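Each structure below appears as structure tokens.
In what follows, chain A forms one complex with chain B and a second complex with chain C.
Our next item is the complex of A and B:
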């Protein structure tokens, strides 16, 4: 990246299955007001806006940046709208970073949201494509075979998914913004109904309403801010086709390539020991061990052993999703930016009750489509 | 303006623009276009650093539609990629920003929209404020008609004026083998076409059309090897306004004005008259008149033709394949400045101003300045 980019403000709504008191415009405005307040800035300090969200049919508003121009404070400013499936939140944040890195924009506001209560996500996530049988099974139906394949090839014991879910919920209990916070046990998870084998009800992300906004700035402007910024050391997005023959759907090459690319850019040789906290996009419990492998934190087929040892728990070697993650908060289009934003907050030392002590380097990650869109960011306390 | 990186358009390809291609899906339409664009730019897919597409789930009638074009864009082994839910000309802008950040040197930009999957009148209603506008049943024709009425009342332009603008574009379109309506029609004939929504007649509106497009961008050092006459980006800016139809002056385009001012400053030109060609993303005659005002061009009414040639392609009035319409304007700038405009070539064109729009009543606008020479030494 040609110029340094810093996160100088983060704001998010409380996430819930339905935010009945606000519409989309009001919901994004809450997140934006919080982010600007956090950065000690106002709308006139912003040079451009980058908006991200998942499919428009989720709310029934086409290209909502047009309707939301006022709420976003975008009047007479440049705005672009990113959509890269589930990865979109993180990709949107990285797109904003590119705007700052270009030197053309000093401060950029980036926003991501989803108001799933406006529509029917199961329907929107079951698109019909030519020459492929309609599944009408949502994302869970799509990803369950990948999780089954993971279990078969890694030999992971069947309780691992439940352990991930119970731990993620415990983490969400420390995050005041999380959607689901009531504690659950491994036994509760195992006793919950099977939705798409091997994914049980309590191993599945909720449908959430929520928004997040982040302000990014160049080096000079970031240093003027009231707080210590989080510096973006590296970021990249990689994609592969859904149907290419021989593709590894369990540990997609695009994810491995993306991780390798950002580690090289950030000078990270040993992610397990050089990164202190990670926020992965885990919409179904089994994806936690799968991503531990895909992102190079564990050898192939051994991600589940990290979970079995509990080394990814809060207070242990590499806390994964201390925010509670996507399993407990999933406003789809915002979920990837929440990973990016939570990683930034950890680096800034302002994650509140779920702050991991001594974080110098944090990773934010999102994926989407048929496990084909990958977006990864490395944030650091150091410029 | 500080020195920026010289970036050029080095290749372009498009599918024929038709009302309905019943035999091919959007990815099938795009596949040969990507291949042709790469061939035109003398480059193989593996030598391209980045790709970005512009499309809309609502236009294609399915969620995550863009995820289906990864195969045809050549995303294997995995590639660096993004997608904007906008006209592909904004994908081109994002790529240009990415090149300024030195995150890539070469890129393909794809546009596609399977317009025939649905009814644009109903689909574009969904762009509007769901509480105060969409629920009234407004569509892009009725909002444009409101704008046209307001403009005609203010500027004193009548039905004959609209017909003159439309006829001029249809005459230009007749010379463009890549557009959809290729028959010249007189103003008098156009004035006989029925109103769709008064004061806009059928003859003053674009046909429904679909296509797929692919543009290749490259930074200095690589661009020269990919194209005999690379067309360099001298300046660009884009701006949006509030959507609220009742809260902005529909008779002028403040966002175009500001974008043009910034793009001209970046390009180091005084104004639009420093260009020999102007290509506007106007979908009605009134939009063209408003954009002419905003850019500082004369109205051209009454047969006056001073200043640069406007809309040599025939403009979106001859073809408006949604999600591609803007990128086609940039392509026209490329074709005009790189000797690829055939019979409609504007002789001696060295600089072009290109405009595209999104949303109802010119809500969001982008302005580019292109040139045959590098902008920055």
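Our next item is the complex of A and C:
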């Protein structure tokens, strides 16, 4: 029987296109210091460390878990590094949670980061797989056909992506840590250059430098903390291979399965009405309606109608990405953990200006690879 | 037609490379500036660790931030040595035979990794070595501003 897991501290850097004054170690330490301060703890209170980041070619630092061991406070403690592409941040948080749930560790520090300014994501995310032609498509080139397929099969009007982008930016304006905060209109988005049809420049995530750290604890230790924790009611990760016959890349089976799994575990029958805020991994605008469907918040092909009605906006029925999301802040390795951490902050009532009132249950979600890795967490005010 | 039934073992060559640009951070930046501008080696006295070279902005032992700058000598004692008799071109830091060494500089409590190029047969743990600096105008603010170490005496 696994034990209860609580989030007791969350800390993040300000996210920006460049943080030239710090190296990777110093950048993650900013987030760690804030998370420990938030939890009222110090390094000696931590029993194990779980690090996550996207592929090493992003910064060219091979085995960052080795270089960062001292900076993370791993001396005489276990450390592991997790990697599941874009979903890694959320998967890393869930791996840390598993450490606590196992009963082996009382408090675990989990950290995720990316310093995109030191390399080039387009290059780093276009791997030279053996015996296949190199496309150097980057993530945008890879996911654009899936977005187009979604538009074709759902009949979504073409402005939906732009509406998502403008709303996400408005949300980011309330998040002091967000990378992009300048307001943009739907017209601005529609007038921005088409990068990978149907994805325009302003419908694309930025490249960010940033880090997030979270402290998790077991029930006994969490209840000793200075304030109410966020309880992890359910968490799961599911995977599907790239070329499984009959694969649905628009609404992947692994995502649907992952959502069903966590809802069952958390006792959620009607996510639309039982969850008050959601942080989805939306690197390209069209993924917001796509995930509304994939995660069971809207019927198949009707996710875009939620966006068209504005029911996913701040102050409406189910605010999605009140932090501004990946569209406005994307230190890739950290992006999934930011979804988890923002969901936890919402549950603790400490999200600041972008706090959604009355949150009891929040969802954090990330995906990665070629929409192959899915990672979802349900956080709650109640144990 | 059938698929080919047997082929000679085949392979394809590929090169993966990208020019990264790394931020040093303040502490490493000041250490490198000391090499470039002063021909001096600066360490940091960090609680629980002694004088650390190259320096850090935090303790590797307890992860706490802090430390104070301490100048160490550009001369020290070898604590480990490994000789590369036949270097691989464009891979190793020297085209001719050389040795990797760890040098505990006088005044430091940690050992610095570097290379020695001459008198390789005389190298041993405990041997004394001194830094050979890259000439003025050629130091770029990297660890190779110390061109190599050489045996003293």
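The rule we apply is simple: the second predicted complex is superposed on the first by the 378 of 383 C-alpha atoms of A that agree within 3 Å, B and C clash if a C-alpha of one lies under 4 Å from a C-alpha of the other, contacts with A are read in each partner's own complex, and residues count from 1 in each chain.
What we mean here is this: a residue touches a chain if its C-beta (ideal position, glycine included) is under 8 Å from a C-beta of that chain, and two chains touch if they have at least 3 such contacts.
Since the structure is predicted, the reported quantities are computational estimates derived from the model, not experimental observations.
Trainee: Touching A:75, do we find chain B (first), chain C (second), both, or neither?
Mentor: Both partners, chain B and chain C.
Trainee: Which partner chains sit in contact with A:62 here, chain B, chain C, both or neither? Use first/second/both/neither.
Mentor: First partner only.
Trainee: Which holds for A:91: it touches chain B only (first), chain C only (second), both, or neither?
Mentor: first
Trainee: Identify the partner contact of A:23: answer first if only chain B is touched, second if only chain C is, both if each is, neither if none is.
Mentor: both
Trainee: Look at A:239 in the shared chain and tell me whether it touches chain B only, chain C only, both, or neither; answer first, second, both or neither.
Mentor: First partner only.
Trainee: Does chain B (first) or chain C (second) touch A:125, or do both, or does neither?
Mentor: first
Trainee: Let me test your reading of the model: by the given contact rule, A:369 touches which partner, first (chain B), second (chain C), both or neither?
Mentor: In the superposed model, A:369 contacts chain B only, not chain C.
Trainee: Which chain, chain B or chain C, ends up touching more residues of chain A in the combined arrangement?
Mentor: Chain A has more residues touched by B than by the other partner.
Trainee: Output check: A:103 vs chain B and chain C. Expected answer is one of first, second, both, neither. What do you get?
Mentor: The answer is first: A:103 touches chain B but not chain C.
Trainee: Enumerate the residues of chain A that count as touching chain B in its complex and touching chain C in the other.
Mentor: 23, 57, 60, 69-70, 75, 124, 128, 130
Trainee: Could you please specify the touching residues of chain C with respect to chain A in the complex?
Mentor: Result: residues 12, 14, 16, 18, 20-26, 28, 56-65 of chain C touch chain A.
Trainee: Using the touch definition from the top, list the residues of chain A that touch chain C in their complex.
Mentor: It is residues 19-23, 25-26, 29, 32-33, 43-44, 57, 59-60, 69-73, 75, 115, 117-120, 123-124, 128, 130-131 of chain A that touch chain C.
Trainee: Across the complex, what residues on chain A touch chain B?
Mentor: Chain A residues touching chain B: 1-3, 23, 55-58, 60-63, 65-67, 69-70, 74-85, 91, 95, 98-99, 101-104, 124-125, 127-130, 236-244, 247, 252-254, 257-258, 369-370, 372-374.
Trainee: Of all residues in chain B, which touch chain A in the complex?
Mentor: Per the touch definition, chain B meets chain A at residues 2, 4, 25, 56-58, 62-68, 70-71, 75-86, 90, 93-94, 97-98, 100-103, 123-124, 126-131, 237-244, 254-255, 258, 358-360, 363-364.
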